[in-house]
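There are two complexes below, and they share subunit A, which is joined by subunit B in the first and by subunit C in the second.
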Partner chain A sequence: MFRTCDITGFKIDLKAEKLIRANAVFAVISLLLAVIAAILLVFTRYQPVHLLSAEWYYRLVTFHGLNALIYWIIFFEIAGLYFGSTVVLNTRFCAPKLGWFAFALMVAGLVLSDIIILMGKADVMLTSYTPLKADPLYYLGIILFAVGALLAVILFFGNLMIARREKSYGDTLPLFTYGLMTAAIIAVITLASGALIYIPTFLWSMGLIQNVDPAMYKLIWWGLGHSSQQINVAAMVSIWYLVSFLSVGGTSINEKVSRTAFVLYILFICLASAHHLLTDPGVSSAWKVWNTSYAMYLAVLASMIHAFAVPSSFESAQRRWGYNKGLFQWLSKAPWGNPAFSAIILAVIGFGFIGGTTGVIFGMEQTNIIVHNTIAIPGHFKGTVVIGTTLTFMGITYYLIPLIFRRKIVGFKWAKAQPWLFFIGIALLSISMIVLGQMGVPRRHWDSTFSGGPFTYNFNPAVDFFWALMMLGGTLAFIATIIWILIVVISVFFGPKVNGPADMQLKISPLAPQPKAHKGFEAPGTLVLTIVFLLVFIALFFLNWKWLAATWYVH
Partner chain B sequence: MENDQLPESKKTPFSRMIMDDFMLLLFLGVTIYAIFYLLWGVMELSNLPTIPEEIKQSLVK
Partner chain C sequence: MSLLSPAEGWFDKKVSKDEKSWMIIALLLCISMFIWMIMWHVYGKQNPSSITYRTSTAEFSKLSEAYQKQNIVGTDAGIPVVRPQPNSDVIVMAEMWRWSPVMILQKDQAYKFHISSRDVLHGFSIQPVNMNFQVYPSYDYVLEFKPTESGEYKVICNEFCGIGHHTMIGKIVVIEKEEDLKLYGYENFKKAPAPLAEKKNEPLTETEMVLLGEQIYTLKGCAACHKTDGSSQIAPSWKGLYGKEEHVIEDGKKMTVKVDDAYIDESIKTPQKKITVGFENTPMPVFPLTDEEIKQVIAYIKSLKD
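This part shows the complex of A and B:
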């Protein structure tokens, strides 16, 4: 049974719509759980408050990691996969009952593992490195979730096959769905790695097998742990293209190149998991360097292509709408009042300048040694998963509320400010953590002053300033997330109904007019911004090499 | 064969056929990851010499 959207004209399978809603709701619940734990962790690591006991600190690190990095992200991505493979392709959902079964498995996995963690039976942190052992039900919870997610990904491919057979789209998949297909392929790699490692670990926790080799565990676990974040990258970039299309009618100035970049992700991005083993003695330098540098740089190249293609799609469209003056009128006249647009632009900036630059620098065998296992590493992935993926997901939700939940956004003025507040908060948090890590502050440590320990270490006094900045950033980001959750929940459950295009608070732009004959490059402003980015990257790159050179004195 | 009979302008370019074939891309993605990251890594770890028993015992103590 279908409805035709009176705003977009899409034919929407009502069964798919319900599944999208259910997955999105659980994504929001997971995020709420994650940020409650996050704020408690921030005020524990901030030494003047030092809120939690050591036991609860490690318990909530586990809880936060699982809910933020796995449940929030994957529930949202499944909602996105269903949206991209049915609504966008004007087709039906291939097997709704299986969709609900997958959803039930995922919810059961979430509930089971979260309860076990809070009961204190799985203080093993997200990585759960062996020989740390959790209760078998913890591993079972994750396995249930992973099986549900894998089933959902298979259903996504089923939807694509139906759409292709019924010719419900043009010659080729729309770029947004193509990016989601990339995310789904990476998800298969990720979940297969998860099965490879969690099933034996589950059996080991029950005493059915004697030993899980720690080095082997770490190698395979990171095939899950890091690759799961690459699903985010592909999904996030897809949404960037979608929001360009929705907000200004923009399309990639060279779609073939954008698709090629997605293919490079499929082929090479999962090799980046090797970053986590850069200081492990068991694997050779050849393995490390090939996986984190030579092959991985092809995936970095893909990110650079997207980093150029997304802003240039905005610029090109804006110029075709007549905002043609100088280098940056297209940007100054952009729809900044649209919270989805501002969220995406801020996510692109944060992901590129904070997450991207540190990702490449920390991912090299040489410079990694300065920051390995320091708080700079979570600082880096706050710059990718939070400022990039989470902010992007928050932004697209402002479109999903009216289009999928058919509700107006309550507190629209708050919605306009929320992406900025979140961006400032996470940027402060992330940069502070990176600087603290460069000063040697360890990650996942309840008490980095080592009080009562057999040895002490005197950090540079500047760390106090950056701890305060981290606390401030974390608090701002927490407030911004709560604002977003309140807007979403109140809008979805109590908001006025959307009865037609007149009720849309966010503009859906028609396709930008065809370009007139023009001289020169189509997106010069983006080119200048890209050069600025490259200069910043080069400066940071050489700064890290200088710090590396200063690490040891050679007489 | 059907494709051969289409006019030149309607033929799908080979590169796009590859890029649109998600099963092929899935296969390539899994294979590259499995060979370079997983199998190579597992092979290196499997070939590590076993820790001598006396050192192991001294560490356990």
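This part shows the complex of A and C:
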């Protein structure tokens, strides 16, 4: 059963559409659970309030990590994979019943593990490093979820095969789906690592295996934990290209380059587990240097290629629409009233300047000494996963509500402001966490006054300012997330129905006109912006190495 | 176009000048960063160590207790204080929820830390200098530190280790001159004992020899292959080894030897001469030990009776 979209002209399999909706709904539920925990955590670490008890603090750190980093993101990605492999390719869903089975497994996994955590039987953090031990049901919950997710990814490949056989798209996969396909391939590698470590750990928690070596656990767990973030990167970048197309009719100025960059992700991203073992015993420096750099930074190169290709796709399209004056008219005349557009631009900026720079610098073998396990690390990944991935997912949802849920967005004015509020909130949160970490403040730590310890330690007095800033940023981000959830829930369940293109609040741009023959640069504004980025990166790079050089000698 | 198949000829489209320049800049940056990390190993002063020994929580606990007993100069908040000799091995124990011992170090002197955990993972985080390392149970991580500034430092734990995680805090004091001890109320702590091996005039007791032998066993890496619990996977276990008859191969000929002082001495100095039957595929490397150290190892092996 298909319907033809009266706005985009795509053929939509109604069975696929239902699955997309169900997965998206659970993504939103997971996000809600995650942010409720998050705001309680922020007000616990903010020492003047110090809200939760130690027990509940660690419990909710575990809860927050699992729901935010795994459930919210993967449910959303599965919805995205189904969308990219059926709607975009005008094809049917290969096995809807299996799709529901996968969904049921994932929901069961979520419910089981969340209940076990809240019962206090799994205060082990998301990473659950052995020999910390949780209740077997906790590991079982995660395994169920992972099996469901793996099945969903396989169904995605099934859809691609059907589309290919039935020739429902042109000769080549659209870039968006191509990007998602790389995400799916990385997901298979990642989930395999997950199975490799969670299954023995599950058996160990039941007493069937005697010992899970802690170093081996950490190595393989991060094959899941870090590589899964690269699923997010691939999915997020795909959406960036998608929004460029939807909002200004843009496309990558050279698809071959963009696609090659995606392939680089597949080839090198799985080495990222090393980022977590840089100051650990057991592995050699040669191993660390090679792996932490993704074999000479080839995955970083991929991100840097996208850092040019994504903005230049906007710039090139805008210039063809006639916004050709100077270096930046294309940007000033951009559709800023479109919340999906503003969300994506802010996500690109946040991901690059906050998440990307710190990621590369913190992930170098030696500079990791001054940040390992400090709060700068979650600060870094707030810059990648939250400003980057989450804001991107929030942005694209503003298109999905009318196109997939067929509802108008309720409170559209709020929707326009929401990405900005979220960006400012997370940027403040993230930057203050990075600064705190650089001053030595540990992550996952209930009381940084060390009450009850044999000694005490006072951090640099400047930390008070950044704790306050972090609290402020966290609160703003929390409010922005609640606004987004309210908009989504109210629109989806109570919003007026969409009856055709006239009801679209977000513009869908026609393709930008063909380029006239031109000389010189295709996207000079983007080049300037990327050079600015490069200079900021180099400044931060030398700052961190200078701090490192000021520490004790160690080898 | 990201929702549609790319336009005809997309694969042959030339890369624009600006995109190409950016890619070249990015690639150069990537390669430079890679080289930078390698060069820091040559010219930089801060490089995470690659030296790790396999140990067990029981073995390391024994070692740590022996070390603290031998080197204690006082206590601070109930934790033993040691004042290790420069260039010596320092045994640091992490456990729920305490770092021990407290250390008095001399500025600009190097100390070889052996850090391991008695239970779960811990994070070794020296503040305010802000250096952070990971600590595992059953891995002995060897880090050679050289403090470059005097003062009081705290070691906090930055890897979650259970409900009392936030109370896990230890202390390192770095002094420049003897008077600095007063700053920390340590002036009455008796001077660090001279290392046993340097007490030239009085011979070591058997117990001291065994203790030193055990230190060599863990610190020099014997423990990686030779176990003391009777299991012999890679190399013969040391338990009950002394006095035993062993089948060995010398120059291709099988023969039997009695494990005594002379045989152990020979096996450490020229491990390839007589190879124990059953371990032909895991040849032992040469460990440069002094004659004195070999005697201590022998004393230790003797003490491991069945």
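Simple rule for what comes next: the second predicted complex is superposed on the first by the 550 of 555 C-alpha atoms of A that agree within 3 Å, B and C clash if a C-alpha of one lies under 4 Å from a C-alpha of the other, contacts with A are read in each partner's own complex, and residues count from 1 in each chain.
We take it that a residue touches a chain if its C-beta (ideal position, glycine included) is under 8 Å from a C-beta of that chain, and two chains touch if they have at least 3 such contacts.
None of the values given here were measured: they were computed from a predicted structure.
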Combined model on subunit A: subunit C and subunit B, fit or clash: clash
First, second, both or neither for A:I508, with subunit B first and subunit C second: neither
Subunit B versus subunit C as contact partner of A:S448, first or second or both or neither: second
Subunit B versus subunit C as contact partner of A:A417, first or second or both or neither: neither
Contacts of A:A95 with subunit B and subunit C, given as first, second, both or neither: neither
Residues of subunit A touched, compared between subunit B and subunit C (which is higher): C
Partner chain(s) touched by A:H372 [first = subunit B, second = subunit C, both, neither]: second
Touching partner for A:L173 - first (subunit B), second (subunit C), both, neither: both
Subunit B versus subunit C as contact partner of A:I115, first or second or both or neither: neither
Partner chain(s) touched by A:I483 [first = subunit B, second = subunit C, both, neither]: neither
Contacts of A:C270 with subunit B and subunit C, given as first, second, both or neither: first
Stretch of subunit C, among 22-30, 40-48 or 58-66, that runs into subunit B once the two complexes are superposed: 58-66
Residues of subunit A contacting subunit B in one complex and subunit C in the other: 171-173, 213, 215, 277, 282-284
Subunit B - residues contacting subunit A, complex: 12, 16, 19-20, 22, 25-26, 28-30, 32-33, 36-38, 40-42, 44-45, 48
In the complex with subunit B, residue positions of subunit A that touch it: 157, 160, 171-173, 181, 185-186, 188-189, 192-193, 213, 215-216, 219-220, 223, 227, 259-260, 263, 266-268, 270-271, 273-274, 277, 282-284, 287, 290-291, 295
Complex contact set, residues of subunit C against subunit A: 1-6, 10-11, 13, 15-19, 21-23, 25-27, 29-31, 33-34, 36-38, 40-41, 44-50, 52, 76-79, 97-98, 110, 119-121, 123, 125-134, 136-141, 143-149, 154, 156-171
In the complex with subunit C, residue positions of subunit A that touch it: 54-55, 58, 61, 88, 123, 125, 129, 131-132, 169-176, 179, 213-215, 218, 238, 241-242, 244-246, 251-257, 277-285, 288-289, 293, 296-298, 300-301, 304-305, 308-309, 312, 360, 364-366, 368-374, 438-440, 442-448, 450-457, 459-460, 511, 520-524, 526-527, 530, 534, 541, 547-549, 551-555
